[in-house]
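Alright, structures below, take your time with them.
Each of the next two complexes has chain A plus one other chain: chain B in the first, chain C in the second.
Now for the complex of A and B:
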């Protein structure tokens, strides 16, 4: 008795471990607040907006189509292989089993990288087909391993009997052997489908620009804060599969009980449960796939390919632009300048308009990647404030290549209830008092920039002594740091996770709206002032459309929409005048006065050599 | 029967093209520098203090989580294997079901659960219990590994246990062995293939992960997987990344050799 109870308790504990995160995600999908750190009341809004979010729906259907195709092809290849292997001598079978074990045991990261190297070496453009090939590759072993045991159980004699009775080998196989191994084939297919659906690492390395599965989309969003629609989608997927499983598993038990009185009715119920409902679900999914794939298709030739930061444009703005001009916007996002740069440089996809930061614009300009803008097509440039154009000349002399889009500073966000004194210096980041309460930026330039400023140096320092001093400071700081994060500072500060965080000014306005205890300050030692601007790469195919797009974004009403959506300071003075709320129009966070900015510098590109010096030093910090 | 073998042909072609050749590419990149000349430098990079530390942490964390997984999974697999067939197949599905919620989201959910002001600590707070401070520490990474890889330990052991011949166990009992002896002399040795296969299926992904340490370690704990990922995705230094991958492959090949030794007939498969 005690044994039974303790067994039950043990299973319950494991069950809780497995399902606690899943329950959490389901709860979050009904959370009215955009951040996961706060419960803002019950809502089903995310489920409604999910179906309007074409990016998520596209990723979902890419995922499903890849899972379906790869599982199907892997099932065919794997089943054939399993049958073939059965007819082999022991030695060659061992070789084949070894071959099968490689993808099963190999590290995902090694496999992903090896496939990426292969595709690039043979000039296969990374995209849908490369992901598909990779998924088939890691799926085949699962099929082989679930079919082989079933094959071992089948009796050779029945197959031979069928042959003796005059059946062709093909007929004998399909009518005698295949029904026996069917459960193995099916479970192999289901496993392959599930594995493909859940894969991230291999997709991460074999995917090309412009294509996202749910996993890679989520990984991008992790840095920016997961969109609640994603929780809603996962909940829907999970519940669908749960219902399917219950239907499939419950119905045989029913029919067993009712075996003696098999009425037509129970039979029909069982068929509906086991066949019709799953088939209907499959049809809905696939039809939806074609619908959304068709919608996102590159049907028209009149388009503009935009490459922007994540969450850096109001989606509504794109809709208005498409309606007004009839130009199709193909929209893609990047997480950091460093990830964007090699993609533009390689020319794998010809982006028409990109939004890098100051120092990266300088790098792209110096390496001849940018096209000069034709200002005849961008008359709305008149709305951009003079100061910002002047500041831009630091990285783009003569404003030949770039139009400012957003700007801001890097500063300290702190929780008034968790600190003792008013904060005005970077020194708090090294204050033992705040051990485990500090959030640091997880990027080389920002981490070093802050430290160099604190030490009184330029944040564009190329002096090895200064850099070494900064590195040592960062190593000393590490035990005090709670976490190195990028955009998660926002959610964590809203949720009172930490007292102090290094953050971009644009995020500060949003965090204050969500948590009134938070305050933003530009430390007295000075900081970084940055500008993100629109540029057109030299290999752009639709330069005029790109200029139309930039011009459109400079329109005051559009710039205002974007400002209200992303809350990053706009250089568009005409748009600023349109802001109705005084406290925001004159907010010292969004629009600090010149006095505060006098010690702030923009980043400059320091050359490839110093780039790697910075990177190496940062690795030392991270590994310390 | 001759042409039956040919059915494995397409698979052979596929494996060579997309498994063997890509691995050779890693070897090639790992042993050459950017100009294509032969060098050992990329592999020697593993001996820098930072990389050695990252490898050390990875080995330590993955060994610990493999042991925890084994200790949790074995009793569980025994309980499951004693259940009736229709019941147990449903329970096995319970382990696969979570995979339908994205791996990244599931791991991220642990952040929400473990944070200082997270769900678990709020509950502990209400109960006036001391708070659980493991987010952004190696413990959180271990938890994430155990959580993500536990099914890969349970399923192979379970698959071996259900195939155990009841007669052997009964024979041991008849000959006077108590349940302790039966377990250590009969059940445990016979389930070795499942255990070994489970250990490799947990150890290898745990050793090489970069996502779990990223999401639950707060960017403070660098594992060898993170170093390699950065070499490819941020630094675009493919030669060094390949060299370090080669070092990892030594661990993987060792695991495969162990599996081949103990699990000759492929009994201990996960599925």
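Now for the complex of A and C:
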């Protein structure tokens, strides 16, 4: 009895462990509140807006087309390969089988990088075709894996019997061998389709500008927080994969039962398999072909290739730009500066205009990756506030290379109901009173930056004594910290889970809308001010278009659209004047006084040597 | 005698450096039931596969009706094969299986329907059209395989151990069935088996093979009664194979004792092998026998008793319907025409299996 109960409990535990995350995701996809910290009631709005979002639908279509095409081609190639290997002598068969298995066991990232290098080496432009080739490549082994066992079961004598009865080798294969291995081919196709559907790593490395699959699209949103639409989309993906898996696993058993007598029903099924499914596939493919041909943009030469953060530009802005100038915008997104840098550096894609952060602009400038801007083409620079251009000189002396786009500060977010005194100093982060109520940023520069500022040093300090002092402070602080997190500061503060958190100003505005008790302050010791600016890489092919694009973004009405979309502070003072809502136009979070920014510094790239010094010290803190 | 239909000329075939057939020569007449008989690995299946076109010989020619078909692919040959494991197409119904070859030849629908009916009737499986092969027993599947082959009206039907997977009773039934079919259809059957009884029952001609060489070709009676070497004698039925000395024509010394025989032309005082079938030995009283011995073993086999008689240091295998108790002293007598004289084996393949010199 006890044994039985414990068996059931154990099973339940396992299933909870396996499926709790997915259930959470599905539940959140129906949550009316934007934040995952609060339940705002049931809604299917996210599903609706999902289907209205042309970018996502575009990515979905790309994903499906690539999955279908790559699965189809891989199935054909893989089946042929399996047949070929079946005909080999045992020794060479084992060798080949092993060789085809390796790509499956190999780390995806190795596969992704090596494919990217290969494409670059052969001067193949990264884009739709390279993703397709990559997917075919990693799908073939899965097809071989699922076809081979079926081939082994197939008796050679049935093939010979067909030849004997007058069938040509081709006819014999299709009428006798193929039906026998069909279940394997089908499940190979499904497997390949599924693998392609949810691949991220390899796609990430082999995709080009202007094209995204669902997984890469979702990932680009990491910086600004994943939108609930993505929960809805992920739910749909999960359900799709689930259905596919059920199809793969259920169909062979069914057909075996139905085999006893070959009935009309099985005939109907075979007609569906033989005629309807291929017809549907053909329709999708042809429609896709027209769709892509209709897009046309990729073909013309008058274009500008934009490489920007995820969710960092109002899509409407691109449409207006294209309509006004006739220049096609090829748009690609990145997730972090560190991911963007090697892509630009490798020259695999000649981006025309990129939006890195301050310290990265310095690094790119020092490494000669940037082209000087011709301000004759960017008259709208006049709309950018003086303060920001001055701050930009810290990483771009003379403003030769960059035009500020968004900016913000790092400060303290606190819950008015949970603190006793007015907060205006970093010192609260070391206050024993708030033990286990403090959230720190899990990032080396932010953690040290805050501490160095508190100690009165520069947050770009390269003085070992200063750094050691900061390190010791952080070690002392550690017992007080509830958690070192990045994204979750926002949700935890909204959910009243902590009293004090280090946060970016852009997020602070949003948290205030969700929880009125929250307050943001830039401590009096000064802090970090960050600036993301537009730059033009040296190898840009359409420099004039890029300058037109930057100029366009500096137009007050356009800058306003972007501000409203992104909600991060804009350096465009003309745009700020256009904001209708007083509380936002005069928000101390979005637009702090110049006085408050006086002691704020941008991060600078400290060189590889000090990078490792910082990291080593941060590791000491984390390990203490 | 009818004309040669198939002529295999100097066929040599090796796999991975191992010779399976060595300079094989064989012809098959029209309307003949020819059996290739031998132990596994003797080359009989390879010979059949060369006939069917599934293997190409390394050298030599396959002549069919006067035409060289050595390089012709299987689908272009006027032969059909019945495979050892039936090789039915499991995703097709019985009717579709039978219609397969006819459809490829582009026959009309009504013709195909008639043929299916006719073939199923021929193999006693009327009404099985819509069944699936998986739902049939082994014997039924084999008959469908035969039906599928014969609807194409081949000149020759190749059968590769078709009864090998069936149980004894079914096998015997199918043997009669095959003989009946062959007589009704009037086509040439080339049959491969390792079962000597099957070969003796059905064949017009038996080709005994070992290690890639033909050992003897002949009618079942000739093969059984007059084996040409120790291998054939040993492989077909039970026999006493005794090293002996041919003294002169019609006189042979077996175990030192002279016996009269009918064979001539072996020369004088020449070592030979003598074959005496166990049922050809008469056990008589010691005084009447050419040789005397003692019964050492006795087993009841149903139709007859099987005995071992030790005489002159040789264990004689004797079959007899009369029982002689163990320990009895008996005389051994053999009629001259029951003594078969053979030359000593000149190569390994001619030796009896498991018999040392």
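Basically, the second predicted complex is superposed on the first by the 327 of 624 C-alpha atoms of A that agree within 3 Å, B and C clash if a C-alpha of one lies under 4 Å from a C-alpha of the other, contacts with A are read in each partner's own complex, and residues count from 1 in each chain.
Quick note on the criterion: contacts are C-beta pairs under 8 Å (C-beta built on N, C-alpha and C of every residue); 3 or more make two chains touch, one makes a residue touch a chain.
As the structure is a computational prediction, the values presented were derived from the model and not from experiment.
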Is A:128 in contact with chain B, with chain C, with both, or with neither (first, second, both, neither)?
neither
Message = Per the contact definition in the header, classify A:51: touching chain B only (first), chain C only (second), both, or neither.
response = neither
Chain A contact check, chain B vs chain C, more residues touched by chain B
Practice prompt. Please indicate which partner A:166 is in contact with in the superposed arrangement: first for chain B, second for chain C, both, or neither.
Written response: second
Between chain B and chain C, whom does A:375 touch in the aligned arrangement: first, second, both, or neither?
neither
Which superposed partner A:430 touches (first chain B, second chain C, both, neither) = neither
Chain C partner, complex, touching residues on chain A are 155, 157-158, 160-169, 171-172, 175-176, 179-180, 259-262
The answer for chain B against chain A in the complex is residues 1, 4-12, 14-15, 18-23, 25-26, 29, 49-51, 53-54, 72, 75-76, 79, 86, 89-90, 93-110, 112-113, 115-117, 119, 136, 147, 150, 200-201, 204-205, 207-211, 215, 218-220, 222, 225, 227-230, 232-236, 238, 241-242, 245, 248-249, 252, 255-256, 259-260, 266, 269-271
Within their complex, chain C touches chain A through residues 52-54, 73-75, 79-81, 83-85, 87-93, 100-101, 104-105, 130-132, 134-135, 145, 148-149, 152
In the complex, the residues of chain A that touch chain B are 7, 10-11, 14-15, 17-22, 24-25, 28, 36-37, 77-78, 80-81, 83-88, 96-111, 113-118, 121, 133-134, 136-137, 140, 142, 144-146, 148-149, 187, 191, 194-195, 197-201, 205, 214-215, 218-219, 222, 226, 230-231, 234, 237-238, 241-242, 245, 249, 252-253, 338-339, 342, 442, 478, 481-485, 492, 495-497, 612, 615, 619-620, 622-623
